[in-house]
Structures are given as structure tokens and as C-alpha cells.
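Here come two complexes built around chain A, the first alongside chain B, the second alongside chain C.
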Partner chain A sequence: MKKPNFSRIRLWALVKKEFIHIVRDPRSLAMAFLMPLILLILFGYAITMDIKTLNLAVYDQDKSTASRNYLEGFPASSYFSVVAAVASYAEARAMVDQGKVHLALVIPRHFARDLEQGRATKVQLLADGSDANTATIAMGYVEAITNRFSTAQLGAKVDLAVDNRLRVWYNPELKSRWFIIPGLIAVIMTVITALLTSLTVSREWESGTMEQLIATPVQPIELFLGKMAPYFVIGVLDVLFSVAMGVWVFDVPLRGSFLFLLGVTAMFLVGGLSLGIMVSTIAKSQLVASQLAMVVTFLPAFLLSGFLYTIDNMPRFLQVVTHVVQARYFVEVLKNIFLKASPPSYVADDLIFLGLFAMVVFVVALRKFHKKLA
Partner chain B sequence: MWERIYRMLVKEFIQVLRDPRMKALIFVMPVIQLIMFGYAVTTDVDHIKTAVCDLDKSPQSRALIERFTASGYFAVVGHTDNPLRLGELLDRGKATIGIQINRGFADDLRSGRQAVIQTIVDGTDSNTGTVAMDYAQRITQEFSRARAAPIELTQLAQALTNPIELRSRAWFNPDLKSRYFNVPGVIAVVLLLISLLLTAMAIVREREIGTMEQLMVTPIRPLELILGKTLPFVLISFIDVLVVTFIGVTWFHVPIYGSLWLLMFGAGLYLMSTIGVGLFISTVSQTQQQALMSSFFFYLPAVLLSGFMFPISNMPEPAQWLTYLNPLRYFLIIIRDIFLKGSGWEILWPQFAALMALGAVLLLISSLRFKKRMT
Partner chain C sequence: MSPEYAVEVHELSRVFGDFVAVDRISLTVEKGQVFGFLGPNGAGKSTTIRMLCGLLQPSSGVGRVAGFDVMTESETIKRHIGYMSQKFSLYDDLSVEENIDFYTGIYNVPRDKRKERKSWVLEMAGLNDKQHYLTGSLAGGWKQRLALGCAVLHEPPILFLDEPTSGVDPLSRRQFWDLIAQMSHRGTTVFVTTHYMEEAEYCDELALIYRGKMIAKGKPAEVKTLIPEDILEIRVERPFEALERMEGSGLVQEVALFGDGLHAVVGNAATVTTELNDFLVQQGFVVQAIKQVTPSLEDVFVSLIELDDRQRTQGERA
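So, the complex of A and B:
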């Protein structure tokens, strides 16, 4: 039999067929748009990495004017809320033990006297270290407040020999929202492309319609592109929707070029969708495909992309692994477009990797697809 | 009745484990997740990429830079003599912090004038940015203090400039390793994903390929069907708990101070809820695609609003109320406390009670819905 050539008509027919599949399942389609909405709202409103209220228990053995002055610095800083004044060391311990407070501060009996006589006095801080991040930051805050009180105690302001003038670029108020949302868009898109495409091929296998398709003169490349095209459109719409929300609802500045953003998105989508189809081709059953998609797309995008956790802080071998995580490059470029707006040449490495990833995965996925069909 | 449930169980196990890929995934996935979470999720900030523009090139300026690197928090990735290049390194993301020391730094210090240095911090990553600023400020102050006080007077100066000595102790995790905090949490999250997704998709699958009708014409009763469908996943989940706990303890050296039995009991109660949700999703989904999407709709908010990565006390009030409906929230407290604090029944009973109530309600509602759909 003569092998038929690539046909645009057949491709168009397949795209239409896939679109009908999507439209017939409006729930899944709705979820493709609700997912970014919910995630953005969760991260934008419910979740901040900024630590605001730390619960503090105080055991003030001195009960002097000096100790009260010192303690006043805590609620005044707006980071702490003094939830309990306890009467014994054991009680302070119990509060930390039961997780009722993050920290307990113990002020010794001769606090005021020691200060007056110019002797160093010792304040004890008990912190619940089970959440290492909160504890580290909390201890830093306590230290800062204590230092400020110490300086004030000295009466005269001590001039420091070196004045460090700090400036923060790109995100001067250090808002975690500005940091999270651009990266989040990349993660959302990874999740959605994977969720949408990872089941498309295995579904056809499971319901037996793949055999029917094979019986038609359809070519693997046509089928592949036909599967991809509708989801590409959904993906672009999702990105536009997320970016609009980020800019107008969450006030994250979009400083870079919008066209550049679209171009990078297209590059990302080709890679992401191909990966989903590849997973689907390999898995054959939807149950396996869904689990596999989690391992190769969602989890790495969430954990290894630098979206929340800085790649530089990871152990060496894991840093190497992050190079095959597509979301990593997309996160980097999106953060750049949103906040830094430096020229595309500054993120050239990321762009090259993103393109390379898309090309390699596209070709490999198509090959796998070919083999399974033939 | 037991005979029918048993047959159903055997059928389920055959179905789940027939696919070698599935077999591998069930046991490999938790391990991969544990490794990713265990290693990737460190909020400890160190080795901040630092670019230095030292225009003074004096012993004093070098001593200051030396203090930055010796702290372990900063790693110098580049030197430059051009202040503009400093900005470019930040733009390119090659450096997170840039320190500029202008000419005359040493002169100012020697003649007792206040010397000025400039630090630019990349605030894109607000977390690292905050910490980097804090460290930079602290190191500069220490440098100032050390310079201000002649060596023999250091002790006195310490008392003078710092009348209060703060002694901090972190309990339960003295080295403040975020890994200790994360590994027990991962067990809870892995369990959620496995039990929820497998239950929801396995049931919908029967419906999608039409074998549900075949099951319904057999004398099996709805309750037996539910038990037969869910018990295999309960068993698989328990095995996963053991696997992940074992790796957490042996590989990541996370201590486990509390009782393993109590932990298993908690896991059992927790699985009641997660399988209840899975069952519920199966009753509202027609296709596996829908089941997958719906599971995710539950999974992501559940993980984010559980205190797993983000402390609940930081969330706005309405979000905090939502967390009370989240089974993960209770199990996280149980598993972390058992691992790190060695807490027992007397402290954790409210969490157990909440989990039990939540599980009973969820399981009841879904079973009723499931039964209704069957008949």
C-alpha cells in the first residue's frame, strides 16, 4: 500500500474531533480555567511566606519598669503577639510543647538591677524549632528587638563605624506575592498541560478507539499534531488569563515585553504538551498515566523549578537534576519578564534550554507515538 | 458476605498489580517524592551569590569582604571594578547581592569618620532577599563593633554595646534543619495523593469501560463493593507509610521519638477521610479525566492549606477556618509531633478525635451517594 502523505485536511478533521471531545466534557474544560483561578487566589491571598504574627509567651521574673519597657518592643514591632504571661518556667515550657506559642521569653529576676549597674544580663528565648523556617526568622526578630533595646539603654546613640546602605532592586518592598505569582504561572501551566494531555492517548487505547483511528489513513504526525493543537489554544488562553489576574488583581508589575512573554509561552507549551502526550503514549492505561504525569511534571515543577525553593540551596546532585525540569527555565524567564525586564539576551541560556527541551521531547514523543501506532 | 468481599479484594489486587508499571509506580512514587521534598525543600538560606566591587582595595575593605564570606552565608561569585557591571550581574541573575566599597573606605575608618558601603539586594525572591539583607546588616555591625573596640577592651565593649545577652534555644530541632520538619510531612502528602487518586480513578474506570454494570448484576451488595474497592488501597497506603518512614529514618536520619503504633492508628483514621473524598469524587465523575482533575482540585488546596509548607497562623482568618475541614491539617500535627516531639495520646487526642469525626462523616456521605448511584 502506498503511504499517504501529510494532509492538512485530515489534520484539520482530527483537530475538530479533539475539540469535540473537549467541548463534550465541559467539566474538565471548566476546571482547566478554574485551576489557575483557585491557585492564584490561594497563593495571592491565603498564603504568604512573610511571617506576620508570632505567638509569644512571656515569663517575666523581674516585673520591673525596665522589663516592661523591653517587652513592649514586641507587640509594637507588629510581628509578635504576646498571648500569655506565665508564672513559671514549667508553664512556659508547656506552652511551647503544646504548640500554643512559637516562642517563650524568660526574663531573669535581676534584669533591671543588672542593667542599672552596667552588668550584662541574660534573657532566655525558647523557640519551637519544629518549623525551622519560622523559628530562624523569629529568632532573628527577637535579636533585632533586643539589640534595639540595648542601644536605647546606652542612652547616647552609638555611631557605627561602617554604615551599610542597603537597596533592594526589582521588588523593593520584598513582597512575596511579586516573587510567587510569576513563578506560579509557570507551575500552573505545567500542571494543566500535563493534566490535559496525559490522558488523551491512553483514553483512546482504553476505550478501543485507537484501533479505529489506526484503521483510517491518518498519519502519526497528523494524529500527534491534532491531539496537541486544541490544548495549545487552551494553554495560551490560560496563560493570558493568569497574567491578566496577576497584573490586575494582584498588582504584580509586568515590566517586560508582552510579545516576548507570548513567544516564550509558545515554546514552553510545545515542550509541555509533547511531554504529556509522551507520558500518555507510554502508559497506555489512564491510571498509570495520571501517576506518571505527577512524577515527571507536577512534582518537579513545584519543587525543583526554583518557584518557591531556591535551586542554589539544593544539594549538588539535585541541582544537576533541575536542568531537565522544563518549568525551571520558564519560571526564570517569567520572573525576569515580570520584575526585571532585562533584555532577552540576559536570559539566553534559559531560552536555549527551553527550546532544546521542546525540540527533544517533541521528537522523542513523536517517535514513541509512531512505534506504538505502527 | 465475607467471601464476596474477599473475592472482590483478590480481583482488585490482580487488577492493580497486573500492570508492572503500576506496581513500580505505587512503590517508587513515594520514594521519589520523599527524595524531592527531603532535599529540595530547604528554606535554609546560605551561600548567597555575592558580587563584589571593591574600589578601595585596602586591607580594611578586604577584611570586611572576608567577614562576609567567613560567615558561610555569602559566596563571592565575581569581582568587578566597574559599579555598572555589578548591576548587570544582578540583572542577569548571576548574583543575588552586590556589595560596593568606594575609594576612601580605609581612610574614613582610620580618621574615625563613618565609612559608607553600598549593598544592592535582588528582591525577586523575597524570602532570600529578606534574609540576605538581615545577614548583611548584622555582619557590617559586627565589623564596626570589632573595629571600635581595642582588643583588650573587647569584653567591656561587648557589655557596653550589648547589655543584654540573648540566649536562644530551639527545641525539638536544635539545628533548625528544615528536613526534620519536612520528611514527616511528606509522608502525609504522599498518602493523600496515592489514596485519593487511586480510589477515585479505579472506581470511575469500571464505569468508563463498562465493567461496573457487570459487577452490578452479580449478587454483590453496594457496601461490599465499596469495601472491596477501597481496602486494597488502604493496604497499599499502609505499606507506603512503612516504606517512606523507613527511608526517612534510615536515609534522612529523621528521629522518631514517639510510638509507631500510634502513628499507624493516626494513619488509619486519616485514610478514612482521604478514601472518603476519593469515593465522593468517583460518584461525581463520569470519566477518569474528570476524576483526575477533580482529585487535583481537592489535592492542591488541601496541601497548601494544611500547614505543610506554609504556617497556618500566617493565613487570613477565612482561610484558617477552611483548614479545620482539612484532614491533612490534623494528620500533619499528629505525624510531626510523634516524630519530633514524641508526643503521646494525652496531647494529641483532640487531633485524633477531629480526624475520626471528619473521616466518619466523609465516608458516610460518600458511601450513601455511592449506594444511591448503584441502585
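So, the complex of A and C:
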């Protein structure tokens, strides 16, 4: 027997119906538009990795003009406050141990002489590693200041003055907000999109309308596309809205192409909305569906997307797991669009995975949906 | 497949885990008939109708609905039937008109027929001046007729109705059965489940299902002859007390309130009438009348169900 074909008339009827549901339900509208706004403001201001003032102890063994010049860079940067000058390693160590300072900087005895002779020299940094995040960022700042000093010292000399491997590109002022906001948008949208659609299929199971619907010739693919269409529109608006907030409220530059942003958003939304529908199809009750949607998106998006924690630093096993975290790719691509403006080919891997994710989840959701009651 | 049958199933079963919801049911429904599928709540009516509509995969059995295989062609069946579920599930947040338009689209009603079908539904449901009302705000009877209208927008040859009249006021129920009669008159086969025994009288053909098993079938008049016992109608003062006494008397197999009198199932009306009269008088009741009556379908079903229960308990003891 010939299978009934895909029907645009049926799809259109479904799309219209879903739009009416959304428009007539102020709660779902509010959730769709206010939630990203509130989350973005809350997390945008709450998660800041900038460290305002770092207390620094200095053990200057050289006590030369050069070392004093170098040290002047610290209070000038407004990130550091030199609270103590110590006279021994033991003292420097004690201050770090007791938590009186975040960092202690040790300048070696032949600092000035090495610089004059064009030899590489090394300063030593003791950091309180108990707060790894602060330590990492503080080290970044020290590197940046050292780098600046080193560049100024070079003059006609060829050798690198101070040992320094860190370069900060794209975000020379090291504003953590620049990193955070694009990632945050990706993470929030991951949660929202799944949540939006997670309710739609389960609501029909709960109200009994699904039983009526599956007794008709409607095709699962028509049903899914019909349900996704209005939320796709909402999702695009949400992303644009969030990006606008990032640019105008949080002052993050948007350097990349707007069209590319739209394209990536579309790919991301198909995956995210399909995930919500899949969850909804499995759960069949609104409460369970929304909780399941939160569980499969919220924690992975926050912890495993590379948004808060660098994927390279994760245990091997978790690194593998992150490949199925959709947010990972969207975080990466959004950061790229915001800060680097490099062409799409530079993030080809992420785009491929984003597309694969969308396809696989959509197909799995379709297969999971049976036009049967049990 | 004989072309005169709209539904034809043989030994259809559905098992949920250890529970046999429907146990080897066989039935045929002729085209254009109103087929009543009766039984108490939980008997397996909905499970059966859902299997016929392609909503549940039968565990075993064979059968055809509208000429298509219930095991393998459920999606094709769905294009040739109308189905109205127990809760007449329309979208409450859509208006009457929007619900009609939605199902018009879902059933792919041809463009040139849409307007005509819509006004037919509105007319039939008595919703002509209410098409912009939200469906959720309608009273039960209107909702039910609107649901019926939406289920037949595509003019299916077979219509399945699962408890269409539950929770609806008596007047609306009457109107609804009138609509069913009209559709059947125009050639639509109607397969309807109900637990209201008095509605059985409206059907051309009946089947009684109890605990997943078919325990009787036939035309209403035939079904009435299925019990060997006689039915006595007893008019007596204080019928409640009389009922209690009669239950302990050993004279009747079964006694139940019926209207403002009592109906008793007895082995032989001729002998028991006098005995019962004497018994009641002796117990101090004023007996107004005792006479044998033709069993109503309700009497028959109650009697058959109780017979089935007795056989089942005996079977368990043995």
C-alpha cells in the first residue's frame, strides 16, 4: 500500500494552530521572551572572571632601576596593589600561605645586567593555587604586564628580554565579559530552545488531543515541523535579542558577519528544538518533559560546553563526552563571530558537528514518535 | 474481504503485560449499520476501538477495517475513518472555527468543499452564531457535536465513536443519537461504544464485552432472548427494604431497583409470582403489582454479566 505523502496543507494547518497556541498563552510567550533576558542579565553580571584588585608581594633581589621600572607597571595597571616588599623567599611564601597576598613576584639578582647584555631573564611568580581560577587570570595579567615591559626593553636589542610565551589576542584588555557573553548566549539558548518545545508534544498527550491527532492521516514529520516552525521564529528573535543585549548592554563587540550569525543560529535551533521534541515525545507529561529538558541541557551546557571550563583541561573521558553537547559548538562559533570574525571555514568542525547534531536528533525524535498509543 | 463488511475482525487480542485487555474478539459490522459496542467501564471497549482505528497494535488476530489490514495498514485505515475519542479532544484555546479549519487542513479536505463542510458542521452542531467562541468555553453538548463534526469533515465511510455521550446531559445525548441515525441513514457505518445500556436500543447490531471477552452479540431483539430466566416487575411500598428481604428469601436469583419499582430475575415466572407475593405480604409489605415483563437490554446485560461472574468464580474454585 502506498504511504501517504508529505502534505503542505497539513503542515500549514499545524503551523497555524501552533502559532495560535503560543499567542493565546501568555505564560509560554513570557517564558519565550523574558527568560533569555533575565538569564542573560543575571548571569551576565554574576559570572565575571575579572579580578578587580590583586594583592601582590614583591621580593626584589636586584633593586635596580630596571626592576623598579618593571614593578611600576603593576600598580599602574589598576589590577594590582603592591602591599608588601619582602626580603626573603620564606617571607614571600609565608604571605601567600597566609592568604595576605594573592601573588608574590620574585625578581632575580641579575635582572638589570641580563637586560643590558640582551640576555633572557626570568622573573618568578608565586601564586595561591587554591583558587585556581583567580590564579590563572592573575598569571595572565602578570604575563601581559611583563610582555609590555619586555617589548619596551627590546629597543635595538634582538634577544627577548623577559621569558614570556603568552600573547593575548582578540581581547587585549582581557575583559572576561567578552568571553562570557557570547558563550552565555549560546548556553542560555540551548536551555531555552529545548525547554520551549519540550512542552508542546507532551501537552497534547496530556490533554488527549494527541490521541485525536494520531487517528488522522497526519505524518510525524509534518507534526514535528509544524511544532518547530513557530518556536524557530521565537528562537531566532531570542538570539537576535540576546546578541543585541550583548552588544549594547554588555559592550561586547560584534565583529563577525551578521548573515553567518543567522545561518549558525538556524542550524543550532533545528538541533535544539528537535532535542526538546524528542524529550517531549519520550516523556509524554509536561512536568517530566520540562525537567528532562533541563537536565539534558542545563548542566552539560554550563559545565561541558567549554563555556566555564576549558575542554582541553578536562579528563580524557569527559572530553569525549563533550562531543555530544550541542552547546559546545554553538559556544565556540558564537565566540568566534563576536570576537574573531574569522571566516566560517575556520570553525568548519564546529559547524559540521552542529549540523550532524541537528540531523541525528531530528531523525531520532521522528523514529521515537509512533502514531500509536502504546 | 467481503465487500459488504466495513469492519471484520477475527480473534483480535491485546495484552498489556500480564493483563489481557481484549481477549480474542471476533466481529463483523455491515456497511451502513450502527454497531453498538457495549460493556461496563474497563471491559476493553476503548482498547478494541483503538485497535480498529490503528491507534493500538493488536497483539494477535486478523482483521480488516474499510478493507485494510489492521495489523499492517493502520496508516491507510486512518485516512478512511473518522474517530472521536472519549474526551472529544478539541483544542480548547482555539475558536470553534479555528478547530474546524485545523481538521479541514489535517484531513486535506478539497479546497472547493471546505466552505460547504464548514457550514455543515456549524449547522449540525448548532454553532452558527458561536463560531468565534473559544472551544473551551462551550458546554458539553456543543463540544461533543463539534468534535463529531471535526471527525467527519472528510466524509469518512466509517465513523468510530468512543463513549461519545459520557458526561453529556440527557437532552444532548438524545440529539447526538439523532445525528448518528442521520449519518447511518446516509450510508456511513457507525461503530460506537457506550456504557449506557439504554442507548443500545438505538443500534442496529450489538456486541457486549465484559472483562475483555465478548459475551453476547446480535440485534437488540435477538439479544433480549438470550437469557433463559424470566423478569418480574414488582411494585411495592418501601422498595429498598423489600429488595433486602427478597435477596435473602431464596426466591429470586437477582433483584435490582428499576425506575420506582423492582426488577427480579427468577427461574420461572409462573410459579414464583405467587410465592413472591405471599412472601412479601408475610413480611408486611403492601404489594401493588407483580407481573412478568419483557427483559430490557439492561436486564439482559446485568444477567449475562452476572452469569459470567458466577462461571468465572466456579472456574477458579475448580
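Observations
We adopt the following convention: the second predicted complex is superposed on the first by the 247 of 374 C-alpha atoms of A that agree within 3 Å, B and C clash if a C-alpha of one lies under 4 Å from a C-alpha of the other, contacts with A are read in each partner's own complex, and residues count from 1 in each chain.
Operating definition for what follows: a residue touches a chain if its C-beta (ideal position, glycine included) is under 8 Å from a C-beta of that chain, and two chains touch if they have at least 3 such contacts.
None of the values given here were measured: they were computed from a predicted structure.
In the superposition on chain A, contact of A:M189 is made with neither chain B nor chain C.
After overlaying the two complexes on the shared chain, residue contacts for A:M35 are found with chain B alone; chain C is out of touch.
When the two structures are aligned on the shared chain, A:T53 is found in touch with chain B, with no touch to chain C. In the superposition on chain A, A:G99 makes contact with chain B only, not with chain C. By the touch criterion defined above, A:K122 lies against chain B but remains apart from chain C after alignment on the C-alpha atoms of chain A.
Of the two partner chains placed by the overlay, chain B and chain C both lie in contact with A:S207.
In the superposition on chain A, A:D25 makes contact with both chain B and chain C.
More residues of chain A lie in contact with B than with the other chain of the pair chain B and chain C. In the superposition on chain A, contact of A:L303 is made with chain B only, not with chain C. Chain A uses residues 25, 207 to touch chain B in one structure and chain C in the other.
Interface residues of chain C facing chain A in the complex, by the touch rule stated above, are 16, 50, 53-57, 68, 73-76, 78-79, 81, 83-87, 89-94, 98, 101-108, 151. In the complex of the two chains, the chain A residues touching chain B come out as 25, 27-28, 31-32, 34-35, 38-39, 42-43, 45-53, 55, 70, 96-99, 102, 114-115, 118-137, 139-140, 142-144, 146-147, 149-151, 153-154, 158-176, 178-179, 191, 195, 199, 203, 206-207, 283, 285-288, 290-292, 294-295, 299-300, 303-304, 308-310, 312-315, 318, 332, 335-336, 339-340, 342, 346-347. For chain B in complex with chain A, the residues that touch the partner chain are 19, 21-22, 25-26, 28-29, 32-33, 36-37, 39-49, 64, 87, 90-93, 109, 114-131, 133-134, 136-137, 140-141, 143-145, 147-148, 158-174, 176-178, 180-181, 193, 197-198, 201-202, 205, 208-209, 286-290, 292-294, 296-297, 300-301, 304-305, 309-311, 313-316, 319, 333, 336-337, 340-341, 347. Contacts from chain A toward chain C in the complex involve residues 1, 3-4, 7, 9-10, 12-14, 16-17, 20-21, 24-25, 207-209, 211-218, 371-374.
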